[in-house]
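Shared between the two complexes below is chain A, which has chain B as its partner in the first and chain C in the second.
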Partner chain A sequence: MKNSDRLIRAMIWDRRRRAFFGVLRELRHDRPGFIGLLLLTFFGLFALAAPLIADRSALLAASGRNNPDLAAPSAKFLFGTDEIGRDVLAQLVWGSRVSLFIGLFATLVAVVIGSVVGLVAGYAKGKVSAVLLAIDDFFLVVPFLPLAIVLAVVLGRSPLTLAIVIGFTSWAGSARLIRAQVLTLRERAYVERAQALGAGSWHVIRRHVLPGVAPLIIANATLIVPVAILTESTLSFLGFGDRLSPSWGKLLDGAQSSGSITINAWWYFLPPGLCIIGIVLAFTMLGRALERIFDPRLRGR
Partner chain B sequence: MNKLSRGFIFVGAVFLGLLATGLSTNASADEKLVFSVGVTQEIDSLNVTVGYLVIDFEIWNMTLPFLTNRAADDFSLEPSMAESWTGSADGLTWTYKLREGLRWSDGEPITADDVVYTITRAVADGWINHRADLANITATAVDSRTVQVVSAVSDPKLPYLGVYILPKHVYEKISTEDMPNYPADDNVSGGPFQIIERKEGEFVRLARNPNWHGKKPKVDEVVFRFYQTAEAQFNALRAGDLDAIDDVPVKLFASVEAGEVQDLIGIAGNQGSFSELAINSGCEKGIGNGHIALKDRRVRQAINWAIDRQLLVDKILNGFGKPAVSLISSANPAFDLKIDADDSYSFDPEKAKSLLDEAGWKDSNNDDVRDKDGVELKLRYYDRSTAGASATTPFITGWLKDIGIATDVKTLDEDSLIAEQSKSEFDLFTWGWSPYVDPDNMLSYFTTAQVPTDPDVGGYNDGNWCNDEFDALYLQQNSELDPTKRAALIQQMLRIFHDEAPYAVLYKYDNLQAFRSDRWTNFTRQPANVGPVLFTQSSPAYLDLEPLGGSGGAGNNTIFIFIAALIVAGGALVILANRRKKGSDDRL
Partner chain C sequence: MSWRYLLKKVGGAFLTMAVVVVFNFFLFRIVDRDPLAKYRGRSKLTPEQRETMIRRMGLEGSKWDQFVVYVKSVFRLDFGRSFDSTQPVLEEIKMRLPATLLLVGVSTLLTIFIGLYIGTKAGWRRGSRFDKASTSASMVLYSTPEFFFGMLLLAFVAGRTGWFPTGGLRTVGADHDFVGNILDRFHHLVLPMLTLTLGYLGSYALIMRTSMIETLGEDYLVTARAKGLKDSEVMSRHAVPNALLPSVSLIAISCGYIIGGAITTETVFSYPGLGLATANAIQNNDLPMLQALFMLASAAVILFNLIADIIYAFLDPRVKRVE
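On to the complex of A and B.
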């Protein structure tokens, strides 16, 4: 008994491993997806290497004490300085952590809410489904940015609350997507068979439906990250972000409010702008590629 | 052929239409001379009994009359509604004679009744902006043009009586309970301008008041437009959509000063405006829930010693200001606290730490935050969302962390911040003041009487601080007629304020303003040479502004519109020609 259990588990893991490497292999042949993956690796390393590139103390407001304000890039400051003489590069590398953290955590929140709502709304019938769909519809039609701004103002502006706010406002689309997939899965023969053998709803969802929608969830999550990062940047740029954390959006806000754009201090606003474009592009390209891989019908389109 | 001629007619119509718009724009610009001012602060209320923002005061200065006025050059006393006045031998009774034929903008006569009504009601209802000036004053109408004012104590401010006089026929209809919510949309004016249109959050339009008794302004209209950011406002000025702006970002102001921006001039004016970090001192006669540590003045002093004011002036103000260590009570710098550099707050974190040690706040649990009796020294820090104010926050929170004080920063807009202040439910917050000319008002704000005791009413004492000695000195200076003795009393008060530290006063800043020098000239500064042009004590600049003849924006616009019309017409012709070609290709 024990042995056969172990054998089954090993088989399952083997299948998963093969599936994972299969995806990687397919990614290698998908050029945009591969470029996205490379870009992401670059940004990941960039964020991890922050302590090597710049000391955290360079983020303190008073750290620019002896530096010129809005100085152009030089050997000492590769990306120049901001309006209070702080190193822009230091803020950029440490900011990548804040932006990535908010992007990923917000996505986690959105995916968890979206998956639960989507699974339950798709699997359950009747009132439960109707209520969940009504809530989902509400979040789909409510203007996203104003809602995020209101929540950010009410709940506070730390990176964690911002991530929760963004996640909480961006799950509706994935819930719809997942529900649609669940609706088709639950009519499949193997689900019916499991039910006939006496499996409960929980078992069916966990063992048969969830694995079926997992690829969709992953691909969808990869597409939520860039939206979350953009939202964080937008909120920060509009002045609703955390003023004390150096995110990329905060850098753009600083550049704007100090008038750096008007006096053309390009080293202050160009790098964070390019980073945002880069990471959004990377996640989008990867997400689209994963969609193509998981859903063969999309291939060749 | 038919199609081609239709095309020409279309192009011709577009062309003529655009030309007509251009001409009509030009015509209306000739009729009205509009001075557009960009501001980043929105009006909180135009109701003079509740409003408190600088922008409100600017509009009141333009629309409400005073008995007496302040001269543009040196703040000296000037006739306004009153053409003359005489004082009794003991200096307690003053008799003002009003000008003949004064009228409100709606045609009603302005009489002694209006003055008496305003003074009597302001005292009875305790109006926040009238309170300090009128505390000891009663008024009676001798006849329709004569007002007698009696002060219970000798008052060094008299005969200057700079309170806004309101139209009795409008305000007598509003009950005391309704007054705080009155939107002041009657638009009845007794000043040089009257409000003719207001869109909340967008603009306020004022036109010349035809019934104004004084100097006739050259401008027909003054418009205040509200902008979300100072940068957007600056670009609107540069593009020619505005004629003047307040609150120019320092780096942009520096570029204007350096002559790098065409057609703009910058004026850095000082009238004693300052920024501070208010500290909830926990007055026992007040309400609220300030941190227990802040009741100890040594903790408040420690906060003062931890701040590098010179660095703030260098980095945030770009040098357009000076460090300050106590309340700035007057627009006149002669009243500022004179103190030895050795005695006053400098940047000394070690001294700050030893003061905190002395007060018993030590880090006993090694979490880098001081504590005492199980209470952590972690302070709520409310950051005012206006750009200039919030720039100080990362600096100050960093320095406080260095001496072992943790902060929990929350960014609030001005209304929410004042709501917290009215309940005294804060530990620290950033704000600023622009003082009057006479120190009396600013000083009165820190007496016990102004400590908030009812959240609905609030109070100006935003350090939630009370001090009996300060209160006693306030009453003394309030009735001291000898200027030298009074100045000495005020010095004493400012010293107490400095030592007791209900504020960490940060710096005095210049008002950075920029103007279209290609369109306007004669920018009156108050006081002369050093003061700002916009948002001054009595706002005289709008009466003196002169347009530059000929090269106004309107003329340029016509040329631009003409060129635009040509381009559009040309473009339309090309498109039509192409469409014809394409059409015939398709048929082939």
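On to the complex of A and C.
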């Protein structure tokens, strides 16, 4: 018994591994998707290499005391300095970690809520499903930026709170998608067979339904990340977030409120803006490519 | 359209709004246990003033009593006084609403026309040079935070050329005649309008393109071609009207975002509408103002969603049968 269990597990992992490399192979032939993956790798390495490029102490307010304010790029400061003399490049590299962390954590929150609601609303029938759908409807309709703003004002302005708030306001669409997929899976013969053999709901959802919706969840999650990063930059621009550990959006807020635009200090506001565009493009292109790979009906679009 | 469908949709809209009202109470009175703690001037209040504020904000008695007072005041559109200006919130909103309606209204119209045109053309000639160029451009537009467009326009257009004012609603202190006044306002409107248009153009074009491509695969289009209709007739009489269907709800929903959509753009250009009011309310922890703005934004979206559902049922009778 033990041995056959191990064998089955090994087979499952083997299949997953092959599926993973299969997706990678297909990505290589999907130009936008491949560019997205390359861009993403670049930003990932950028974030990992932060300590090699600049010391974290360069973020402290005191670090700029002896530097010129809003100085143009020079050999010492490749991206110039901000309004209190801090190195812009240092803030940009460390900011990549903040932006990526908030984007990914918010997505995790959204995917967990969206998957649970979608799976249960699709699999359960009757009242449970109706109640979940009503909640989902509410979150679909209520404008999510004003909702995120009032939540963040009441709950707190730290990056972690922002991530949770963004995740909490962006799961409704994926719950709807996942539910639709579960509804079709539930009618499949292999699910009915498992039910007929006496499998409980939990077992059927975990072993038969979840693997069927997993590709959808992965592609959908990849498309939530860019929206979460954009929302984070908007909220940071409006004053949320932490000025001493700035995300890219917070850097734009600093550039705006310090008057760097009036004196055209482009080294201050161009890099964070371009970084946001780059990372959002990367995730969007990769996510759309994954959609095409997992759902062949979308090909050629 | 059947009465049942209409009734169901209207009822749903009222129910959603009721949930928004309850949610608002829950957030600002229960999650936030002491709303007055966010009032900056609280340390200077005399005990009597503090009492007055607590009474005015409806913070007396049990939570249930507070809820009853709150619901009554919502029906009277009484949202209390702004922490910041100490003026009634409703007056503040009324004062700023026209500027936002003008800005977002004009840019939404522009976005609709340009976005749908580009999307239609790209989808009709899928794979063409125009399609590739416009789809890439739309992706970049979609990926850019709209306030970044505003910053770029300010720095590189207004700053470099001096052709446009850098902010505000009109030239302060200028003495214009009627026509001059309108021209002056328009002059101030150009850059914020361009910012919002660029910000939303990408998603409109992409959605219209996808919907056009979907329509092109339908049987009735093959029939239209087989009848020997000219290409332009197939496009304008058969493809575009059907492809526009998904855009109807998109347009209606974006009309609902009129209130919330311009927050960052108005901030960049110090354009004194509801968006700038929201940004200021965030800076000042102005809870009464934020509550009202949130409810107004939700009401607008719910209303336009309802309108979209009704228009949709007129345009596409299949909807009612599915429901």
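Assume the second predicted complex is superposed on the first by the 299 of 301 C-alpha atoms of A that agree within 3 Å, B and C clash if a C-alpha of one lies under 4 Å from a C-alpha of the other, contacts with A are read in each partner's own complex, and residues count from 1 in each chain.
Just so it is clear, a residue touches a chain if its C-beta (ideal position, glycine included) is under 8 Å from a C-beta of that chain, and two chains touch if they have at least 3 such contacts.
Computed from a predicted model, the values in this text were never measured in an experiment.
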Quick check on the superposition: with chain A as the shared anchor, is it clash or fit for chain B versus chain C?
clash
Now for A:Leu230: first (chain B), second (chain C), both, or neither, which partner does it touch?
second
Is A:Gly239 contacted by the first partner chain B, the second partner chain C, both or neither?
both
Which partner does A:Phe138 reach: the first (chain B), the second (chain C), both, or neither?
second
With the two structures laid over each other on chain A, which partner does A:Gly122 touch: chain B (first), chain C (second), both, or neither?
neither
Could you say whether A:Ile261 touches chain B, chain C, both of them, or neither, answering first, second, both or neither?
both
Chain A residues touched - chain C or chain B, whichever exceeds:
C
Report for A:Gly114: first if it touches chain B alone, second if chain C alone, otherwise both or neither.
neither
Could you tell me if A:Pro159 is touching chain B, chain C, both of them or neither one (first, second, both, neither)?
neither
For A:Gly33, decide between first (touching chain B), second (touching chain C), both and neither.
neither
Check the residue A:Leu147 against both partner chains and state whether it touches chain B (first), chain C (second), both, or neither.
second
Choose the clashing stretch of chain C with respect to chain B from the list 5-13, 41-49 or 293-301.
41-49
So which positions on chain A get touched by both chain B and chain C?
239, 256, 261-262
So in the complex, the part of chain A that touches chain C is made up of which residues?
137-138, 141-143, 145-147, 149-151, 153-155, 226, 230, 233-234, 237-240, 249, 252, 255-256, 261-262, 264, 266, 269, 273, 276-277, 280-281, 284-285, 300-301
Quick one: which bits of chain B touch chain A in the complex? Just the residue numbers, please.
229-231, 234-235, 238, 249-252, 255, 260, 308, 311, 315-316, 318, 383, 385, 387, 390-391, 393-395, 397-399, 409-411
With touch defined as at the start, can you tell me which chain A residues reach chain B in the complex?
60-62, 64-65, 69-70, 83-85, 156-157, 239, 243-244, 256-263
Residue set of chain C touching chain A in the complex reads 12, 16, 19-20, 24, 27-28, 31-32, 126, 139-140, 142-145, 147-148, 151-152, 154-156, 159-160, 166, 210, 213, 256-257, 259-260, 263-264, 267-268, 278-279, 282-283, 285, 287, 290-291, 293-294, 297-298, 300-302, 305
